[in-house]
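The following pair of complexes shares a single chain, chain A, combined with chain B in the former and chain C in the latter.
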Partner chain A sequence: MKNGCSVFLAAFIALGASWWGFVLAPVLQLGTAKQTAVLNSSDIYPNQRPGDATLGLQVYRADGCAACHTTQVGQEGVACEIALTSLGKNQPVEFKKFIASLLDLPRLRPSSNSVTSQMQSWTGTVPQIIVTNLDVDTANNLLQHINAAGCKAEVQIVATGVDIARGWGMRRSVAEDFLWDDPVQLGSLRVGPDLADVGTRLNNAGWQLLHLYAPQSVAKNSSMPPFRFLFETRKSKTSGVPSPDALNLPTELAPPDGYEIVPTADAKNLVAYLLSLHAGVPLYDAPFTSRQASTNAPANKK
Partner chain B sequence: MNDLSQQKIDASCRVPLLALFGGAAVWLIVGLGFALIASLNFHMPEKFGSCAWLTYGRVQAAANDAILYGFCIPAALGVMLWIFARLSQSELVLPLVPVVAANIWHLGVFIGIVAILIGDSTGFAWLEFPRGSSVLLFAAFLLIAISAVATFGQRKERELYPSHWFLLAALLWFPWIYSTANLLLASGHPVRGVTQAVIGWWFADNLIFVWLALVGLGTAFYFLPKLAGRPLQSSYFALFAFWTLILFGTWCGIPQAAPVPAWLPSLSSVAAALTIVPLIAIALIFVKTVCGADVHCQGGPFCYIKFGMVAFLLSGLMLIASACPQISRVTEFTWFGPAQIQLQILGFFGIVICGAIYELLPRIMGFELPFPKFVRGQHWFFMLGIILLAGSLAIGGVIQGRAALVTTNSPADILASTLPFLRASTAGLLLLLLGSLLLAANIFVMTFKWKLALLKSVIAALKAPLENSEVKP
Partner chain C sequence: MSDEPKSCSTPSSAEPTATRSTVPVWIFSLTVVLLYLGAVYFDHHGGWFDANVYGPYGSAEELDSYQPKSGAAAAFARGKTLYEMNCGICHGIDGLGKPNQAPPLAGSEWVKAKGVQRLTHIPLAGLTGSVQVKGQSWNLSMAAMGAALPDADLAAVMTYIRGAWGNGMGEVTADDIKAARAAIGAHPQPMTGDQMMKMPE
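Our next item is the complex of A and B:
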């Protein structure tokens, strides 16, 4: 490294390599990404967010919501579960005995606990999840046994992981989820909960507005700062009858008589954006079996 | 080299460096003040609810950018100009250009900070400044780089010193990453979808880890041998560290669970693991150069740079740890990440640059520091402040991560477990703020004294009796 030119050249090549790798290559691979098909459906994903939600993303950006919230769900893997859809000619009691006998198979022993707890209170209603937390081979093996006995069952895929168990989404976040967003607000720190699926989990606009105005009034021990500047206090138009937009606040936070607190356009757009956040569509690279149609499995935590 | 020309070289840097350092000191105070306000949210979240520009998301971003763009980069450019002039044994070429550029730079930072506070940020971490401001920063950087490279071209000795490699690479790399990130993210036609996030991570890693490391190490490798009184041990190690740092360090930064094609985070974690190689080389250079030196630092610049080097090694290890899948399971999305960044920016870079400023300021001004005791004071404030800030955030982050792995813990429970640490970090910020006030006091009193002396000499020149030849009979 005797002269300036050699340093310049060396730095140019060594530093520039990462530009080719982490700028150019992702642009080529993802820059022309298009919508994809939803798994087992003819639908296309993702759709553009509604206009007010698109505006709401700009409020989310301007107020730096991503400083405390992520919008990406993590996932550790997938597990299979078996759902019984029809008993055929069998009686529930017999079926229970049959399943209990199957559990002696070496492959199924690890799952026996979860099976017995699922089956104890079962009275014969279908569809019913019999076994959870199986790998694919074991699930298919068990399915063959059940089908051979004249019952009908199907294998369902569920995503596993801490975020999923918390009810923060049905599957991990993937590149497709952010196709239309500009700027993409992934966030890197979870001071508050993840918001990737908040539109499913907390899908009440009134609750969201109240939470923005006075977080501690609806979520105890929250350390979210209130966003009062997204609301305005104004004189009630007609005395006694609040306008439809007015917040329904608890007495200690309520404005003086004759006044009401209404959300500004920014607050409404922000809530529209939050309600447009979903992580519940099965995709090729993040599959799961949609449970909307079937089963009495525990519903997503509301 | 005789003393007279050495003084001339130093004096040629005086005005541009004062312009760069003065603004930098102000932005450091402003940035730490904003960080303190943001941190107060964890003591009383209700307080700032009705004021849009004091909301956490805006103030935190303004604090980060004021410290990084307002303090770190201009201060680094000033130190860099002086090192280039000294190594070239030549006066600064085009000394007016960096003066103009310094003012453009600080104007750009001012516009950017105001834009963030009024809600006009771009929404990308570490790239929040809107277009109008980033164009100014880019232009100012190029102007200073022109002066630096021209001074480099004047050198008498053809052989390059290790600091040259690091600083030249930094001069090349900043315009590259800054223009790429701004053109692809903040222009009218941004790239689509998560590509934005990938480029954002690449930029942030390359600015905060690689660029700061290049300049900080270049500075440290210049000052350490001077202060320790023995040569750098050795140039070959430094060459190795330089190469491996720019080869591996530039590929870090993509988080493990990012919703992007899997090859990106995998490649990034391999690169992070390999970054241990330059870290070991740098640790060896540091230990071999410093140990055996018979110098007591007594809170002076030597102490600053030694502390900064240790902080760099720690922050590098934290970066490697958080790219390891087993550890990132716990530390991801926690305060561990901000702790590493604070350690890198303030603990390593800020303190190395402050040490360098204290070392070179008396030389370029031609008189001693007005408050020599403040140097020691600031060292203690900074050291304790950084340990409190980064230490408590890192421990709080690990506790947060472990709590987050238990499904039954609600977000409020998890936050409650980290609150004591977040509150302790406020105290760290307060100490850092006090330290930065001491730095500003030294810089501004010196500037004031120099201007006063300048004024006096002008007045003296005016009052001086006219020479005989000019008096008409």
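Our next item is the complex of A and C:
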């Protein structure tokens, strides 16, 4: 071959470049990922999944759940909102006028539309979210004005996007979420809803089992196929009283008298895995103000 | 040659040629413009391959600016962290104290007092001798565990203690800590329970 050397070199460079881009660079970037601290907390995230949930991941994989479900929440933007925590010595009516006059300032106007709808009928209860959908500079600017007036307020960070508006999570998915998963079941097609935060959204194991056995009995118009092979029909061991595991099915799906439907170990593990999926923890790389932290805040009655 | 049959209807001038020709200048210009736009896009969205930077954030600086930092909730959470690091070993992460080691803070009348003067003196000066907490007598000694913490951090810890475990009391400010520090002076002696009780709440 006349150009053997250059053909080899070209192939080597082409394959080497893709290896560098697809394998080496991600390993250098995320290969040393560790548990991180939850924002404003001493807690560590993520904790290793419980044993049955780790086994459940393999059931999730074997049954091809990732073919129709993703476990990644998308985020399109980030916005700030201002929450008033104390009025100080001001009156609610005066405060409303004050905020309205602030929002008329030319450098605040472009990004802020108006006060929130709850402010129309607001009577002075705190905490109250006053303005939403601000960028961080405008929010800090507005905060200074409010603090200068003797009130106390704080800037809250909110993740925005279609997925978050649907209630599929509080923030985008990041690499840490998948630290303990092998293999990672990201999924790429959404025939069903995203499951990244399903453990928070639908945290009832009984509901999950019923949904696996007969999806349409709990979610009408669902296109999910039933996963009945994860359950077994067996003779009731005790007459009259169902065993604790038995599914509580509607009459048209109920087994004949003397029989009951119980989940197998696979079904229980799969549900344990689903219940271990959460995307509601604020992290450095996906910050948001945790509602949990706000409700734990001390009462303002010094 | 004219009587030779034509096999193809295309005129001979349309035959492909193999001569060299120069690349038009506009292709170079377009490439440079595309490279420039690509570099600008990368600069705005690339985050310089920082593992912590995901979209919608463009850079580590932008991500930093969006960290929730202000407000009571953040101070409360910081207080929790500091409490667990500095106080929790003896007083318990649940604030219930430990027998023969430290009295409880949850529901303690020392913590739930109206004023914070006695409470702020304890970690700054230390406390020794017999004290009554929740109807029980404790005869222990605590060093000035909080004296090394900055004012704002100690204030956050005290705010956490007063707000957590259903204590429901208001915040302690850095000024409160500063005032207590000034009252104690540079060379504190551990105060006794009796001295404490003579001080206003």
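Simple rule for what comes next: the second predicted complex is superposed on the first by the 279 of 302 C-alpha atoms of A that agree within 3 Å, B and C clash if a C-alpha of one lies under 4 Å from a C-alpha of the other, contacts with A are read in each partner's own complex, and residues count from 1 in each chain.
Note that contacts are C-beta pairs under 8 Å (C-beta built on N, C-alpha and C of every residue); 3 or more make two chains touch, one makes a residue touch a chain.
Predicted, not measured: the structure shown is a model, and the values here were computed from it.
A:Ala165 contacts which: chain B (first), chain C (second), both, neither?
So A:Ala165 only meets chain B here.
Could you say whether A:Thr85 touches chain B, chain C, both of them, or neither, answering first, second, both or neither?
Once the two structures are laid over each other on A, A:Thr85 reaches chain C alone.
Just chain B (first), just chain C (second), both, or neither: which does A:Val174 touch?
So A:Val174 meets both chain B and chain C here.
Where does A:Val184 make contact in the superposed view: on chain B (first), on chain C (second), on both, or on neither?
After superposing on A, A:Val184 lies in contact with chain B but is clear of chain C.
A:Leu30 contacts which: chain B (first), chain C (second), both, neither?
Both partners, chain B and chain C.
Just to be sure I read the superposition right, which of the two partners does A:Leu253 touch: chain B = first, chain C = second, or both, or neither?
In the superposition, A:Leu253 touches no partner, neither chain B nor chain C.
Which one hits more chain A residues, chain B or chain C?
It is B that touches the greater number of chain A residues.
When the two structures are overlaid on chain A, which partner does A:Gln72 contact: first (chain B), second (chain C), both, or neither?
In the superposition, A:Gln72 touches chain B alone.
Per the contact definition in the header, classify A:Phe288: touching chain B only (first), chain C only (second), both, or neither.
Touch partner of A:Phe288: chain C, not chain B.
Both chain B and chain C contact which residues of chain A?
Looking at chain A, the two contact sets intersect at 29-30, 33, 172, 174-175.
Would you mind writing out the residues of chain A in touch with chain C in their complex?
Against chain C, the touching part of chain A is residues 25, 29-30, 33, 39-42, 75-78, 80, 83, 85, 136, 143, 152-157, 172, 174-175, 282, 284-290, 293-294, 296-302.
For chain B, which residues are in contact with chain A within the complex?
Going through chain B, the ones touching chain A are 41-42, 45-46, 48-52, 55-58, 60-61, 119-125, 152-153, 158-160, 164-165, 168-169, 172-173, 176-177, 180, 184-185, 190-199, 201-202, 206, 210, 239, 243, 246-247, 250-251, 254-255, 257-261, 264, 267, 332-335, 337-338, 404-405, 407, 411-412, 414-416, 419.
Under the stated contact criterion, what part of chain C meets chain A in this complex?
Result: residues 49, 51-57, 63, 65-68, 70-74, 76-78, 80-81, 84-85, 159-160, 162-164, 168-171 of chain C touch chain A.
Tell me, which parts of chain A touch chain B in their complex?
1-4, 7-8, 10-12, 14-19, 21-23, 26-27, 29-33, 61-68, 70, 72, 74, 162, 165-166, 172-193, 215-216, 219-229
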